[in-house]
Structures are given as structure tokens and as C-alpha cells.
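Next up: the structures, one after another.
Note that chain A is present in both complexes that follow, paired respectively with chain B and with chain C.
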Partner chain A sequence: MTTEQIEAFLAQAFPGQPLPGQSGLDAGAVGDAERLLLPEPQVDEARTSRPGVAIVPPALLHVRSDALEAAGIEAGFDEDTRALVLTASAHLAFGLAEPGQLRTSGDAGGTRFQVPTDRAHAFGVWSAAGPLAIGSVGPRAIELRVVNAWPAPPLPASVVIANWSRWHATMAAGRVARGFEPDATEADAIPARRWLRSVTADQRALIERFAIVRLHAIESQLLRLQEGLGVDQQLDFAWQSLCWHRDDVEGLRVLLREAGAGQTLATAVRGVDDIGRAVRFSWPSDIDVHDERLQRVSEADPGAWWGSTRRQVVWL
Partner chain B sequence: MALGPWCWSMHATGAPEMPLGVAPAVTLRGGTVALWALTSGPVDSSLHRAALGAEATASWHAAVLALPRSLPVLWRDLRDLAQHPPVPVHLCSHLAEPGIERRDRVVDGGSFGLAFLLQLASRVLSLPLPADIIASVAIDELGRTSRVDGLYEKLDGIATLAPRISRALVAASQHDEVRSSGGRLQLVPVRTAAQALEVVFGDALGIRLAEAGSDDARRRELVDAFFRLALVGRGAAVDWSPVERGARIALRDWPPAFDDRYRLQFAAGVAARHERNAGEIAVPGPAWLDAQPAPIRVGVLTHLVQQCADTGTPSPEQIEPYATTQVPKDLGAAFVPQLQLAGALARLWAVTGRPADALEMQQRVARAFVATFEDSQVSFQLSEWFRLAGALGDEEAFARAEAFLAKVEATCGLTPSGAPYVQLARARAGIELGQNTAETRDRLDALSRDLSVPAHVRWSAARWSARAWRRAGERALAEERLTAMELERSKAPHAARYLLLAEFDAAQDGQGTAEAFMDRLAALDPGPLTHLRQAYEADAEIVRFYPY
Partner chain C sequence: MTIAEALRAVAPPAAADTDDEARVRAAALEIVYIELHRLARSRVGDRTEAEDVASTLAYQIASTGPRDADRSPPTDGQARAYLWTAIRNRMVDRHRVARREQGDDDLDRFEGAVDLTDHAEVEERMALLTQAQQLLYGEAVPAIARETDGRFDRDGFLTAVQQMRALHQRSLTLDALLVETDGQVTAAGRNRLYKQHERARTRLLGALPAWLEGRRLDSTLDQVLRRLAATELASRVTRGAGA
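Presenting the complex of A and B:
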């Protein structure tokens, strides 16, 4: 999809939203494209298959889409119907839109949809608060992009990194607002803290949704550690990454709280923190996880389980 | 999940035990890392299975051939088992990047090689694999390991999918590039399938071998297998350390019988010589020797003479007089084993102060091989012919060697495995005879970089290249080669020997000193150095006739 096609599609599918280039759905709100190659029949299969070797009909194939995952939507691929199957839990309900179909806030209430891949077409995934992702089906692949449909936060130039996504910028705003960003001043924190007061309730709801999804990922990783399931890196790196993610969510929680929002996120955070504390409580003493950021976390909130392991967590 | 414990949580109770004849394996296709169980047992029809593609089937056949070459001996017939390759059963998948899972119905490629071999070994030895280990290594028919594609992604997938796997076997040649990518996995580099079997089964292999000796008929078969392996020659096994270990276990644990004991001692000694220029073999009495069929007797004597030359034991006085009687005066009337014995005697003479006799004998043996159309045997003799011509400063012998080489190349040529030895000997002889040409230096440089030739040939080529460049006045280029050797020293067996020789060369050319050189060299290679130090006084003479 070209930028023009994306903007036209969003304008058509979400007529209630500001137009591209205005305060809401600017080009920076749309993430990079990821390309999911459609499964092709395996030519070798017929040549090498032997009588008596029964091949079990496949269940739903696993799909990894970072764009959909960020929006809290799981994907699978049904080989029989050749459709992308999208699902989500009830509190992350969503809907599908195609060009020409008008979608308005409050219209999204499903938890399972199928996107056929037997014809080329574009589609959008949206929540009651606005768009979450857009996609297009081609002859060989599905292209997906996450949509962070809220305006860019006010960040000092010293903090901004080129090619940052809207999501990265939003998390940076959380760090600036809390005084955790080394390259930002105290004065920079004020506009960051006030930023979400100036956006719409739907846009705050979208940020909260993405934050909750991130929190679920943290929860799932904590449970993997707690249950002794595998992590793909050494434990110290895995824990450091988990702590940073938790701290990112903390920044978003602060931003939303400053705008009088984020109650659902705050409730969800409490549950995940219970697990985090339990894991941290039994953390092996010989695995040291420490850096400047985690040190700041420990200093700012001695009860935070995601701080430096060199500091005792104060169990409140 | 019932096929093995790999994907079970570390804390879960009730994970299945490792069954016999099941090995985990991993594939990468597109961005999908899939974990499979290779099994020959019955498979639940609800599980997703794959067929093996052409390359994977070839890899299975390589594993079948490599297993007996990687174990000291086998006590179970492989033929039936080899007819039925294992079936890959899909366990779980991980997507390394955004995409749609590729659930293969056909798995292909060479990366299952070592996993196939371990699965087969588990069946043959009736030993389950440890639950914490997986292999992603290609192997050839000789059990030599090689790299696989997508290893970084595979390791990432294993770490995510299989909490109970904590060790991954990787090819030694690929270890450096993934050393920092193992994450929580311990990466175990393996050079050969024999090494992998040692890592995987450890002492259990020895215990099985010891148990096998309790049956008289089987024990006799196994002793025969050890003895045959030792007689066949260095190429019969890629890695001789398991042969030595196996023979020593048998010597320790099996009931004593004189003939069995001698043949096992012989196998252990030969294996130690092939592996590290060590090992002792007693000289059997004339009665034992006379009782052997002639080709066996001559074969045993050939090994004893080589053992004497390379390790210093038995002494030349103990073995040479009898061995000499077994070589016809007219080599035109000799059979191949007798020619091999003659070549071994010349090798001994070359390190015991009789290089001119050795040169003469190697020329005769080389000609006799060619006369009997055994051209494939000639590379060792021709290498020695060149080397000794250079060491003795015998330009006429060098010219004859050149003419002989041209003749061999005009007929059927040298064998691919023998050619690098001849090229190296020819180049070093050229340098010693003052024919230090650009072509010679280029040839040595090319050899030193050619990963397909044995490591000690590459290292010797690097040493001679440095010497040649220094003598050509290009000290910077010589230093460059020495630095490269120094950087690579940890990767090659015997590296210290060639670095020490290069240090000595530099000292001879007026660059630095090689302190306590001869003692250090003798500590590395006591066999030939004992002979040479008895034959010569000057260090330079000793190094001149040192074969490496």
C-alpha cells in the first residue's frame, strides 16, 4: 500500500477521525509494513510422499504479526479456507473494515473475524476508539501496519531519534514526564505531562489499549519465568528487557493519570505487579541486573519490582 | 508433548522420560523454527509428521555410514536399523520474524545429520539420549561435522520452545560465529561425530562396551574389529581417541587371553599414535609373528616401525632387524604390504641419521608402486623424496622427483588427499635448494589458506611461507604470516609445533633468539626428537631432518 492509499483508506474507513495531516491521523501514526508470505503448496510433498505415511490435516497455522500483536489481536491461518483468522479477548474487542464500508465509534464489538486471502483487497482493524491496524491482501502476501492513531507527543529535539514510531515516541514521553530521560530537562517534563489532556478521549483510550496489551505481554513473560518455561536469551538480559517494558508501561500510566484517564490500565497493572513481585522475591541472588535506568526506578519507587536487583525491593 | 520432555516446563511434574531411539531436531524454513522429534517408534496418528526430502535422506545415509566409523567398535548389526530412517514428528514452532508458520510436510537439508546419527546410536546402543541436548550439525560419511544454515535463528527458537534443553551441539567450524548467540543455551562445539557421541553418552559408552565383553563369541568379534581397524590405517577413522579409549576399557575389563590382550594393546598404541604421536606397543615374540598370515605379519611390523619412528618405542634395535628380513631385496618382487613396510623403514632411517639411505629407499618404493599400478599409494614416498632431497641439498634427486611427479600426473595423477603433502614437500625443498621463486611462495600461501587440506599441512605451509618471504627480503609479509598463525593458534591441534619452528627459522635468519628451543620442541614431539638428537648435535641439523 502506498502512503496515499493508506491515507485514503483510513479517511474512508474512519470518517469520524481527523484527516491525514491534521492532529490525529498523520503519516507518522502508521507503522512500518510487515509482509506475511502466504503458505504455498509444497511441491516436494507429492514427489516424496509414500503410501502409508498419513499427513495429519493441519490445525490453524501460527501467525506472527508484530502489528496485530501490539494491538492485542492474535492471528492464525486456516489452510483449508485460506483465511487469516483474527481473535482477541473480550476486553480487547475489535472490528474489521473494508474500503467503502463506513465505520463509526462504538461499532466494534467482535472477538473473531476472518480475512479471506483468495482475492486482493485492503482491510482495516479497528476498535470503538479508532483504527488499530491496516492491511492489504496480495496474491502472495499479506501486508500489515500498526496504526497509533493519536498525535505526536511534545518531545525535546535532544530526545527524539530518527525513524521512531509513534509508539516509541509515546513511551519516550512517559520517560520525559517522569524525569527518567537523561537527555531531557525538568522543563521538558511539563508539556509531556500535560500532553494527553489535549487529545481526544478516544485517542487516550487507544493509548490505554496499547498499554494494556504491552502489559499482557509482560505478564505472559513473567509467567514463563515463573513456570520455568524457556526464554530466548540469557536470564539477565531477559529480565532487563522485561523491566524496561514494565517501566515503559509505568510512563504511559503516569501520562494517562495526568489526564484523568487510565483507570483500566491501573487496575491491570496491580495484578501484573503481584506476579512481578513474586518472581522478584525468588530472584537468584547471583544474577545481577543493573543499569542506569533500573537504578532510577529503584530510587524513584523503592517498591518497584522492576528496579535494579542491587537494591532491595521495599515490600509495601 | 508425550514424545519427549524437551518442551515441558522445568517445574512441571510428569514430564516423560527420554525414550530409546528418539532425538530432537530443529529446522528453519522461511522465518519458522520448528522443533521435531526423530523417532522410529509408532506415532500417534493425530500428530503432524513429515517425510524426508532427498537431501535429508542422503544425510541419513551419511549418518548410517558415519556411526560405525565414530564408535570404537559396534556390537550390533546396523543393517536392519539402517533400512528404516526415523520419522520427524512436529512438536512446536516459533516464528523468528513476522510471517505465517511453514508447517513442513517434507523436511529437507543436511542439518539433521548429527541428530540422525544420535538417534541411530540411541537405538544401536540401547541408551536414551540425555533430555537436555540437541544437535544442529551436518555430517559426512566419515563423521566430520560441518556448518548448517540459519543456526542463529534455530538457537533462538530452541531457547524459546524447549525449556529443558540447555546444551546445543554445533559444528566446531561454526562455533565462533554463534559463540555469543547461544543465549541461555550452552553451545558445545564438535569436530567429529565421535566427539559428539562422547559428549552425549560419556561413560555410558564404555560401560556398554565392557558389558559386551562378557560374551565369549562377541568379545572375539570385537577384538577382531579393534585389530582390523588399527591395521587398516589412519584413514579408517576420523577421530582415533574413541578407539584408544575403547581398547583400553576392553583391556581393563575383559577377561584376559594372551592373544586378545596383545591385539588390544596394539590397537590402543596405534590409535594413540594417530591421535597424538604417542602410545607404546611391545614387540611380539617371533612365535606370535610367525603364526600370523604373512600380510598380517607384515602389516603389524609396518605399524611397529612407524611407531618406532614417531613415538620412539619400540627402539630401532628391537624392531628393525626383523622387519628388514620381511622386505625383498628386489622391490620389483614385493607385494604392496611389503612396499609399505619398506616405506616405513625409510621413514625411520630419515630420523635416525640415515637420510641418504632413506631417500634412496623412498625413490625405489615410489617406482615399485607405480610399476605395480598402485599409483594411489605413491604420495607419501614422493613427499619424502622431495623433502629429503631438499634437506640433503641434493638437486639431482629433486630433479628426478620433478620428473617422476610429471610422469605420475601424466598417467592418473596424485590422489586428492595425497596431493597437498606432495605440494608442500616440493615447495619446502625448493626453498632449501635456493629456488625461492614467487611461484613457490604463492603455492605455499595458497596451501596455508586452503581449508580443505589437513590442518597440519596448512600450518606447515604457513611456516615455510614466512621463511620464504623473509629470505626474499619481504620481512613485513613474513611477519604478517606469523601474526596470522599466532591469532589462529587456539584453533588447530599441533599449532605450537609450527609456531616454535617458525620462531627457530626467524632466529636462524638473525631475527631474535629461540631460547631452549630444542627442549620445547622435544616436549611437544618426543619420539622423532629422541632419534634426531641422538643422530645430530647441531639444532639446525636436527630441524633440517625433522619431518614437520
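Presenting the complex of A and C:
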């Protein structure tokens, strides 16, 4: 999809949202494209398949999409119907839109949708608060882009990294607001803290949704550790990464709280922190996880389980 | 306002939504600072150091607030324990860094990029380490330096990385570095180096995962390189008070 096509599509599919160029849906709000190649039917499968006699419903092929995953949506591919199947849990309900299709908030209350791939078309994934992702189906592949439909945060130039997405910039705003960015000053923290008061309630709800999805990923990693299941990398690096992610969510919680929002996130955080504290409480003493950021957490909030393993935690 | 209430309400007053809220935050900040100072003075002999610790921590604790009631100590006794833990966590780190500068390796918990006593294939591991060093300093650092701008210029970033590496390898001491750059060892010089190294380290370690993702190294080499960066570029300069 070209930039013009994306803008036209968003304007058509999300008529309630600000247009590109206005606050909210600017070019930086749309993430990089990812291409998912459509599976080709095997010659033998095509020759031997007998439609109508299958007893067991076919399992979906797992589809890995960072764009959809960030929005809390799982994707699978149904080889029989050749459709992309999108699912989410009830509290992360969503809807589908096609260009020109009128949508209302109530339409975003679904948890399972199918995107046919037998014809070229564009589609959008949205929540009641606004767009989450856009996609286009081509003859051989599906192109997907995450949409972070809120304005860019006020960040000092010294902090911004050129290829940051809107999501990365938003998390950086959380770090700046809490004085966790070494390149930012105390004065930089104030506009960052006030930023979410100037955006719409829907935009805050979108940020909260993405933060909750991030929190779910932390929760599943914590549960794996708690249950003694393996992680993809060395335990110390896995824990460091987990702590950084939890700290990023903490930054978003602070930003939302400063704007009088984020109650759903705060509730979700409590449950995850119970697990985090349990894992940290029984953390093996010979596995050392320490860096300057985690040291800072241990100083600024000694009740946080995601601080340095060399430092004490107050069990609140 | 009790200490426990102050700990819940404390947050940067300048970011408050209303004047009333700003006053509450400022009052809470004062209570937290006074209690931190009192606790620090009772355990830390040096008055200036106690004030430094109390003011730094009061700012940090305010920056992470306001706190929800269920994430904050409910009583004054527990609030004091919370503040004391914050002081302890900071003091331990200050002393660790100071001792490490004096050459006390016992407190440096990083074991190095490769454990040479663990397996027989020492040569293979050394080759892996050499390869990781070449990649880190020959490719990753220059690539990340190309993207630096703003207050941190490219040359400043590269110089800071070289200095941190030299300090790690002990081919350069902090005093020698300050004499070389400033002609004398001062607290101000130490502060400047601390800031420069902290910024360079944050920039490098922040950008390294994306660089590694793009480079798609073998997973073992990837892990060795990450550990190498964390080890060789760990903090070895503290703020100026110790100079």
C-alpha cells in the first residue's frame, strides 16, 4: 500500500477519526509494513483432496504477525477456506472494516473474524476507540501495518532515535516523565507528564489497550518462569528484558494516571505484579541481573519487583 | 499529612493539573525529603553525602508517583522502611562503584563474556570472543554512532565508548584520563565523564538490540556480544563527590 492509499483507506474506513495531517493519524502513526506470504497448495494435496468428507475441522496454520500481536490479536490461516482468521480475547474485542464500509463503535465488539484471501482488497482492524492495524490482501501475500493512532509525544531531540515507531516514542515519553532517560532533563519531564491530558479519551484508550497487550506478554513470560518452563534466551537476559518491559508499562501507567485515565491498566498491573513478586521472591541468588536502569528502579520504587536483583525489594 | 500519605501523593508539583494539586504534591515532597534526610543523617556520617542522597532520592521517588494506595506502604512505619530501603539501595550502589574504581574486583559481579573454566574448548571460545569484539567495536558501535545526533555528537559517542573500553581493560585509569583531558582531577571533571559515559552507554545498549536483530547473528555469538557489551561498558565512573 502506498502512503496515499493508506491515508485514503483510513479516511474511508474510520470516518470518525481525524484525517491524516491532523492530530492523531499522521504518517508516523502507521508502522512499517510486514508481508505474510500466503501458503501455496501442494500439488499432491490438490490432487488427493476430497472436499466434503473431512470429519475433523482443520487446524489453523499459526501466523506470526508483529502488527496484529501488538494490538492483542492472534492470527491463523484456514487452508480450506483460504482465509486469515483473526481472534482476540473478550476484553480486547475488535472489528473489521473495508474501504467505504460504515462502521460504528458497536461493530468493534467481536472476537473472531475471517479475512478472505481469494481476492485483492484492503481491510482495517479497529477497536471502539479507533484503528489498530490496516492490511491489504494481494495475490501472493498479505501486507499488515500496526496503527498507533495518537499524536507524537513531546520528546527532547536528544532522546529521539530516527527509526522509532510511534509506540517506541510513547514508551520513551514514559521514561522521560519518570526521569529514567539519561539524555532528558528534569524540565523535559513536565511536558511528557502533561502530554496525555491534551489527547482525546479515545486516543488514551488506544494507548491503554496497547499497554495491556504488552502486559499480557509480560504475564505469560512470568508464568513460564514461575512454572519452570524454559525461556528463549539465557535466564539473566530473559529477566532483564522482562524487567525493562515491565518498566516501560509503568511509564505508560504514570502517563495515563496523570491524565486521570488508565484504571483498566492499573487493575491488570496488580495481577501481573503479584506473579512478578512471587517469581522475584524466589529468584536464584546466583543469577545476577543488574544494570543502571534496574538500579534506578530499585532506588525510585523499592517496592518494584523489576528492580536490580542485587538490591532489596520491599514486599508491599 | 502523614509520611504514608505523603508517599502516595508525592509527584512533580510542576506537572500537577491544578494549583491545589500542586500544593499537595509540594507538601508531600517536602515531607518525603525531610524523612529521607533524617534517615540518611542517622546512618550516613557525612552531612553533604546525606543531603545529596536525600535530594536525589526525593526527586526519583516523586518522579515515579503518584502511587496507588495498594502499591504504597499503608502505615508510617512501613513508609519509613520503604524510604530506608531506597537509601540503602542507593548507598550500596555508590559504594560499589567507588570501590570498583579503587580496583576491588570482588564487587564486580560480571564474570566476563566467556567462562574459560567451564569447558575444554578454550580456543573456540576465545575465537568467539574475538569475533564478538570485532563485531561490537568494528560494526555495531560505528553503525550506532552514525545515528547519533542532537546533544550527543558522533565523535563524543565514539570517544566515550573508547574510554569505557580502556577503563574496563585497565589500560587507562580514571585519574590518568582526567589529567589527560582536563590537566587535573576534579569533581566537575568526574561529573562530566560520568554523564558522557552514561549517555553513551544508554545510547549503545538501547540501539544494540535493533542492530543485532538486523544483523541476524548465530544465537551463541549474539549472546556473547550482548554480554560483552554489558560487561565492557558497565559503569566505572561515579559522580564527582568521590574525586
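In this text, the second predicted complex is superposed on the first by the 295 of 316 C-alpha atoms of A that agree within 3 Å, B and C clash if a C-alpha of one lies under 4 Å from a C-alpha of the other, contacts with A are read in each partner's own complex, and residues count from 1 in each chain.
Simple rule for what comes next: contacts are C-beta pairs under 8 Å (C-beta built on N, C-alpha and C of every residue); 3 or more make two chains touch, one makes a residue touch a chain.
Since the structure is predicted, the reported quantities are computational estimates derived from the model, not experimental observations.
Visitor: Between chain B and chain C, whom does A:Glu292 touch in the aligned arrangement: first, second, both, or neither?
Guide: Touch status of A:Glu292: second partner only.
Visitor: With the two structures laid over each other on chain A, which partner does A:Gln234 touch: chain B (first), chain C (second), both, or neither?
Guide: both
Visitor: Which partner does A:Asp274 contact after superposing on A: first (chain B), second (chain C), both, neither?
Guide: neither
Visitor: Using the superposition on chain A described above, determine whether A:Gly303 touches chain B (first), chain C (second), both, or neither.
Guide: It touches chain C, and chain B stays clear.
Visitor: After lining up the shared chain so the two structures overlap, which partner does A:Asp32 touch, if you call chain B first and chain C second: first, second, both or neither?
Guide: After superposition on chain A, A:Asp32 lies in contact with neither partner.
Visitor: For chain A, which side has the bigger count of touched residues, chain B or chain C?
Guide: Between chain B and chain C, the winner on chain A residue contacts is C.
Visitor: What part of chain A is shared between its chain B contacts and its chain C contacts?
Guide: 233-234, 237
Visitor: Flag every residue of chain C that touches chain A in the complex, lowest number first.
Guide: 11-12, 14-15, 17, 56-57, 59-61, 63-64, 66, 68, 70-73, 78, 81-82, 85-86, 88-90, 92-93, 109-110, 147, 149-152, 195, 198-199, 201-203, 205-207, 210, 223, 226, 230, 234-235
Visitor: Going by the contact rule set out above, which residues of chain A touch chain B in the complex?
Guide: Result: residues 34-39, 42, 44-45, 48-50, 53-56, 58, 61-67, 77, 142, 144, 227-235, 237 of chain A touch chain B.
Visitor: Once bound in the complex, which stretches of chain A touch chain C?
Guide: Per the touch definition, chain A meets chain C at residues 156-158, 160-163, 177-183, 186, 189-190, 193-194, 197, 233-234, 237, 250, 254, 257-258, 260, 266, 270, 273, 288, 290-292, 295-296, 298-303, 307-308, 310-314, 316.
Visitor: Considering the complex alone, what residue numbers of chain B touch chain A?
Guide: Per the touch definition, chain B meets chain A at residues 9-12, 30-31, 45-49, 51-54, 87, 93, 95, 97-106, 108, 156-157, 159-163, 183-184.
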